[in-house]
Amino acid sequence: MPPLLQLSGVTKSFGAVRALKGVSFSLAAGEVHALLGENGAGKSTLIKVITGAHQPDSGTIAVDGETTGKLTPSTARTRGIAAIYQQPALFPDLTVAENIGLGLEKPSPFRPVRWAERRAHARELLQRVGANIDPETEVRNLSMPEQQLVEIARSLGAGARILIMDEPTASLTQKEVQLLLKLVRDLREQGVGIIYISHRLEEIFEVADRVTVLRDGESVGTKSAKEIDEPGLIRMMVGREVSSIYPPSESQPGKPVLRLENVGCSSSGVRGVSFEVRAGEVFGLSGLVGAGRTELARILFGITPADSGKILLKGDSIEIHSPRQAVESGIAYVPEDRRRHGVVLEMPIASNITMAIHPSFFPGSWLRFGKERELAEKYISDLQIKTPSSEAPGGSLSGGNQQKVALSRWLATHPKVLILDEPTQGVDVGAKSEIHKIIRKLAAEGLAVIMISSDLPEVLGMSDRIGVMRGGTLTRILDGPTADAHSVMSAALGQDEAGGIAA
Amino acid sequence: MTKLLVSLLSLTLLLTGCGQKTADGGNEGGGKQITVALMPKSKGNAYFIACRKGAEEAAKELNVKLLWEGPTESDPAKQNEIVETWITRGVDVIAVAVENREGISSALRKARAKGIKVVTWDSDAATDARDLFVNQATPEGIGTALMEEAAKAMGGQGEYAIITASLTAANMNEWQKHIKIANDTRFPDAKQVALRPCDDMKDKAFSEATALVNAHPNLKLILAICSPAVPGAAEAVKQAGKQNSVKVVGLGLPNENKRYVKEGITPSVILWNTMDLGYLAVQTATALARGEVKAGDTKIQAGRLGEMEIQGDNVLLGKPFVFTADNIDQFDF
Amino acid sequence: MTNPIANSATFKTTPKWKKAFFSFEALLVVVLVVEIIIFNSTGTNFTTRDNLFEILRFSVVLGLLALVMTPVILTGGIDLSVGSLLGLSAIVFGKLWRDAGMDPWLAAICTLVFGAVAGGLNAVLITRLRLPPLIVTLGSFSLFRGLAEALTRGVDNVTGFPESFLFLGQGYLFGVIPAQLPIFILVAVGVWLLVHQTTFGRSFRAIGFSPEGARYAGIPVERRVAFVYILSGFMAALAALVYVAHYGQAKADAGSGYELLAITAVVLGGTSIFGGIGSVHGTLLGLAVLAVLRRGLTLSDQPAELGSILTGGLLLAVLAGEVLLKKFSSRRARVKTNAQVSQITPTT
Amino acid sequence: MKKYFREISVAVALGLLLLVLAIFAPDFFKPTQLLTILTAAAPVLLAACGVALVIMCRQIDISIGSQFALCSIFAGMAAGHGLPMPLVMLLAIFSGALFGAINGAFVAGLGLPSIVVTLATMVTWREALRWWREGEFVRDLPGSFQWFGFSQSTGQIVLLAVAGVVFLILVFALKHVSGGRFVYAVGSDAEAARLAGINPRLVTFCVFVLMGALTGLAALLNAIRFPDVDPKTGTGLELQAIAAAVVGGVAISGGRGKLWGVLAGVLLLACIAPALVFLRAEPQWERAIQGSIILLAVAADGWRSRKGKI
């Protein structure tokens, strides 16, 4: 009997980034097949290829042994493929019932809409995922985990035979996770094939039958979940021993530069955060998605200003109400969403690099193109940015080089504190280690670095100290050299030391 | 480029349909053909369309090249611009129905300085900005005539309301002034109770008139001083079922109003014979360019109209014409 | 979906002259040249020095509005209220001079301040309340015109301005150069410098491409956006002064419909209505194409309606041509790369 | 209750205006007056519904005034040539749909910004019409044209009935037919719509065509109120319709809005001008009042959504 789903030699490129380099993958009915890999390994792209959101450049996809032609979202759906993305693909202006309805009903335009049925069906599906949500609520009023539950409910309702779950539990509570895993097992019983993606290895060992590891757009291997253990999986994911790839810390932390006292912001759910960062130190900030790390960074950068607590820079209390003030105070923030926030894709590299230093670099607001080019070329060579010219638009670069441009922009401000939010997400391995070296060098030059990362090995390998956040506050600070994955994960999950959680 | 010209031409033909709308007859006939540039206040207005017909008739008789251009909506700035363009183009005589005296006089003076003869028609510019004014009626004449007709229809007393094109239309404001003067001095028992703009649209005039007849129960008459407003208001009166208590009087074209005049809602429509106005404007302009007439003359030979009187520097077309049920069928414009 | 790798390669190898040759501005120059050639044969006295200056003279009021509309659209916004504000400013100026008895030059300064304040009203609604510029300026479009009519009861027409003031709009320097031309050139150069040579212009583009991205780069987005709308109000008032001086009258209907003409000139000049992409010289070219078309048709004894029809058609043809070209080559596609690969670019 | 906040607040504003009129100018409620307001507002309502659909789809159409005028003239000329009224009606709707399809092809097909496209078509149609007709009325129409040949009171009722039925069909379709929901879906999130198997471009195109067809019907319903057709008709209709939609709570960012709100918006704006007549107010305030209402409505929206966010 042919496998439910079979991918052979699928490739896909975006710009200079080759997201998939000939991936093959199979899924049987009644199987939970875990897909693993670091951020940027190509998992999300693979899923989008399967659901027809992206067209592969080459390779074939077969369902029930029958090769599909060009898959579109709707043909994928008719073939029983459903997906739950990290970012819910919901209609914010419509109600929950309608979101579920639109996802399940045939997309033919002249069909009566049966609201009562929609509502009842939605209610039933929501109950199945254990979500206590009124189907009449508009999705824009739901929290992120609630939105995900809606998506899961919708996929369940679609009677999908191939269900893809992309980090479905990332922002769910422990109880919701258990409910979900039970659902996954129920579905498997019913013969549904599930592609399960998660960073939480314990979930994978709990539900997965097989595991495939992706690395840099390639399949590293497929193993039965029974024949592999955690360290083995991690080795497959990173491709080398964890400890060896990070440059060693060379700097001696100096005086405290930034100090937070009970900082909070009610609108973004951050409360009572206190810590300090010293010159020459890399302070890793870890925690699960939704723990408030990015929100904290946004407070320090003045995007959602703090409404409680005190921020001190070199001992002086400062107010940060706007990014401009943050820049003036010497705080730099390389944001997580590089394409939306880090780099203006349509603008040349040089313009991107000088964007944060307009007042100081261009006195009297006059642009000086020669001076700007010089600066850009300095950073291009210092940071080894691979580009034909300093006038090339940011969007023409690969992810890693874009990240270097974003970094250059902030280095140009000569900051005292540099906040890096997921600095190596979606960056290929070579560029990743270059970025790590740059971070080390900056710290050695006396910069205070706060590094937010969901990549646990990175946090462990780079940080002098590690702050762990949970539920909007900083719960624990660990010493970098002595911390291990286990202790960080336990703190992030809020479990005690015996919790048996690992990354 | 030929392609562009061809496509441009075909577009033109497509859009004009069967109706041929080019402005002039033959190009450069024998000898030097005189070019007369004639400008209405606005092109979309039926009143001026009738003028154009008369103007074309005169141009044909006199074998002159007639340019017809004006703003699409009444706009003094646009009039000014067109005059300046004609100066650059080089024409023999410019004849303008002036929307706004101040907005155009400077351009007309410039034209005269360049040796172009200038005629104003329909309404006048500053006296030193033109050679002659083809005067169909002064604002005073119109205002008075309107008020007289209105008073006649109202029996000399009662409430009336005015519908104008827009609150900013200069000529209509001028007429209103004279309506008021005539009202105060000659018909003290008539009372203006409202003034409403209709944006020069029949639909809007209809809605406004309906509101007026219902809001003012004692209203006896609507005085519509822009041409689309006359049939619009008449239709409103008819639909409101007030044919017997409210009448409509105004400045309009016979064709648009025939049915209401016959139904008795509109006892009279006032207008000069607009075709004659256009005809006379071109006659005067041509005579001026050919040197057949000059300031100080007291007569002008104007084709089929015969001899017309010149008072000072005003060529007089005569009094506004009043169309009534008795004579309206004789006109078709 | 174009292949961005190939694009970056093209980027590397395309020489500057070639880029300039195939640029949008070049296309406009071609259109302009074609117009001039056609009108030279069909129009009377088209290619004369006087005509050149007259075209310029009549482009000044509209040009001022188009110039300032460029940075507005660059930020991804739009200002529909400029024409109405021109009318209102003209009335304010006229009233200050005639009714308040001010010196015309003092009144002019007050009018400019008034224009900036009125633009500030748009700015506040857009930046403080985060309302879409289209809707805000649609509202102020009605409001400003309505106020102008209310102030004058629609009737009042302020005239009889002193000669010294009228010179601004009717006079000629050295007998040939229209007096308003230096103002226009000054403003054009100023706006060009602002957009192309200062950090302000840089910010406008960044905001137009990605307001969030600009914010994360420490650019004071709200202040920049507010600045653009205030500048727009100021310029509408300046245009009002030139208008009043040119036509010698201040009336509530001044400048009706100018907002659409200004937007047309800007968009025809290659500025993307979504913001980010565009240039002031493009706008000037777009303006020139429009002005030459209008005047050329009149000099060719063609009706003005044809000009408007051709303008609308030209606008569509140029934009559609650009999109279709983009599908075959990769102009601008290299700019919008993988970021929006999976997204349908939202419109409006 | 909260869900219908906006619709209700517009209705309350309308109610207050009517109350003031009831006290100070009871004549406003005469049947002839009300019928005239309603018959004049009915075509605007249809056009505004079309615009509302376009806005819900995150687009805009400012060319409807010009489409409206052209459709009116076509209808008038067809009737003048002796075509039977049902055919005339079909012709008006069909020509409107054609204009809509042209806009839709540029917007959905080529991905051009709708504001620019419809700006261009607005100017082109309007000027072409002016060139063609030069402002001349279409006159001497057969008796079957005005009020479809019925008596005035029957005609008014027929007109209102046609508009009302179409409105109710639209309301129903938007709520209870899947295609109607697609409009909201595309306006709310085009990408999510694509993932749900909806073709956003096709939906956008269809919305423009529907908008055109509604404009065509509106033009016909407006034209039959009179014995002849003014080519200037429909000038400024686009602003009236957009203002009514926005005041009625259709979010300019797409995906949100109800046609009942549009109805309230149309009626509110339609009552202002006659109300000023009845209240003996100076006419020059009309535009300023309209502008203020629009700004007030959007400012209230901005205020509310801002408060909602925090």
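Worth pointing out:
All chains are identified by letter, namely A, B, C and D, in their written order; residue positions are counted from 1 within each chain.
By definition in this document, a contact is a pair of C-beta atoms (placed from the backbone, for glycine too) under 8 Å apart; a residue touches a chain by one contact, two chains touch by 3 or more.
If you're wondering where the values come from, they're calculated on a predicted model, not measured in any experiment.
Among the remaining chains, those touching chain B as well as chain C are D. Averaging Cα atoms per chain gives one point for each, and the point farthest from that of chain A is the centre of B. The chain pair with the larger count of C-beta pairs in contact, out of A-D and C-D, is C-D. Rounded to whole angstrom, the centroid-to-centroid distance between chain A and chain B, based on C-alpha atoms, equals 72 Å. Computed from the mean C-alpha positions, the centre of chain A lies at a distance of 43 Å from the centre of chain C. Centre-to-centre separation between chain C and chain D, using Cα means, comes to 30 Å. Those residues of chain D in touch with two or more other chains are numbered 127-128, 130-131, 191, 194, 254, 283-284.
Annotation for chain C: residues touching 2 or more other chains are 149, 152-154, 303, 305-306, 308-309, 313, 342.
Across the assembly, chain B contributes 15, 21, 43, 72, 167, 197 as residues in contact with two or more other chains. Of all possible chain pairs, the ones that touch are A-C, A-D, B-C, B-D, C-D. Here chain A touches chain C in the complex through residues 13-17, 48, 53-54, 301, 303, 322-324, 326-327, 333, 335, 339-347, 351-352, 355-356, 358-359, 362, 365-367, 388-389, 392-393, 395-396, 409, 413, going by the rule given at the top.
The touching residues of chain C, counted against chain D in their complex, run 78, 125, 129-132, 134-136, 138-147, 149-150, 152-154, 260, 263-264, 267, 273-274, 303, 305-306, 308-309, 311-313, 315-316, 319-320, 323-324, 342-348. Every residue of chain B that touches chain D in the complex is listed here, in rising order: 15-17, 19, 21, 43-46, 49, 72, 167, 194-197, 199-203, 206-208, 210-212, 214-215, 217, 228, 231-232, 235-236, 239-241, 255-256, 259. By the touch criterion given at the top, residues 58-60, 106-107, 110-117, 119-124, 126-128, 130-131, 190-191, 194, 200-201, 239, 242-243, 246, 252-254, 282-292, 294-295, 298-299, 301-303, 305-306 of chain D touch chain C in their complex.
Contact residues on chain A toward chain D in their complex (touch as defined above): 51, 53, 72-74, 77, 89-94, 98, 101-103, 105-113, 115, 267.
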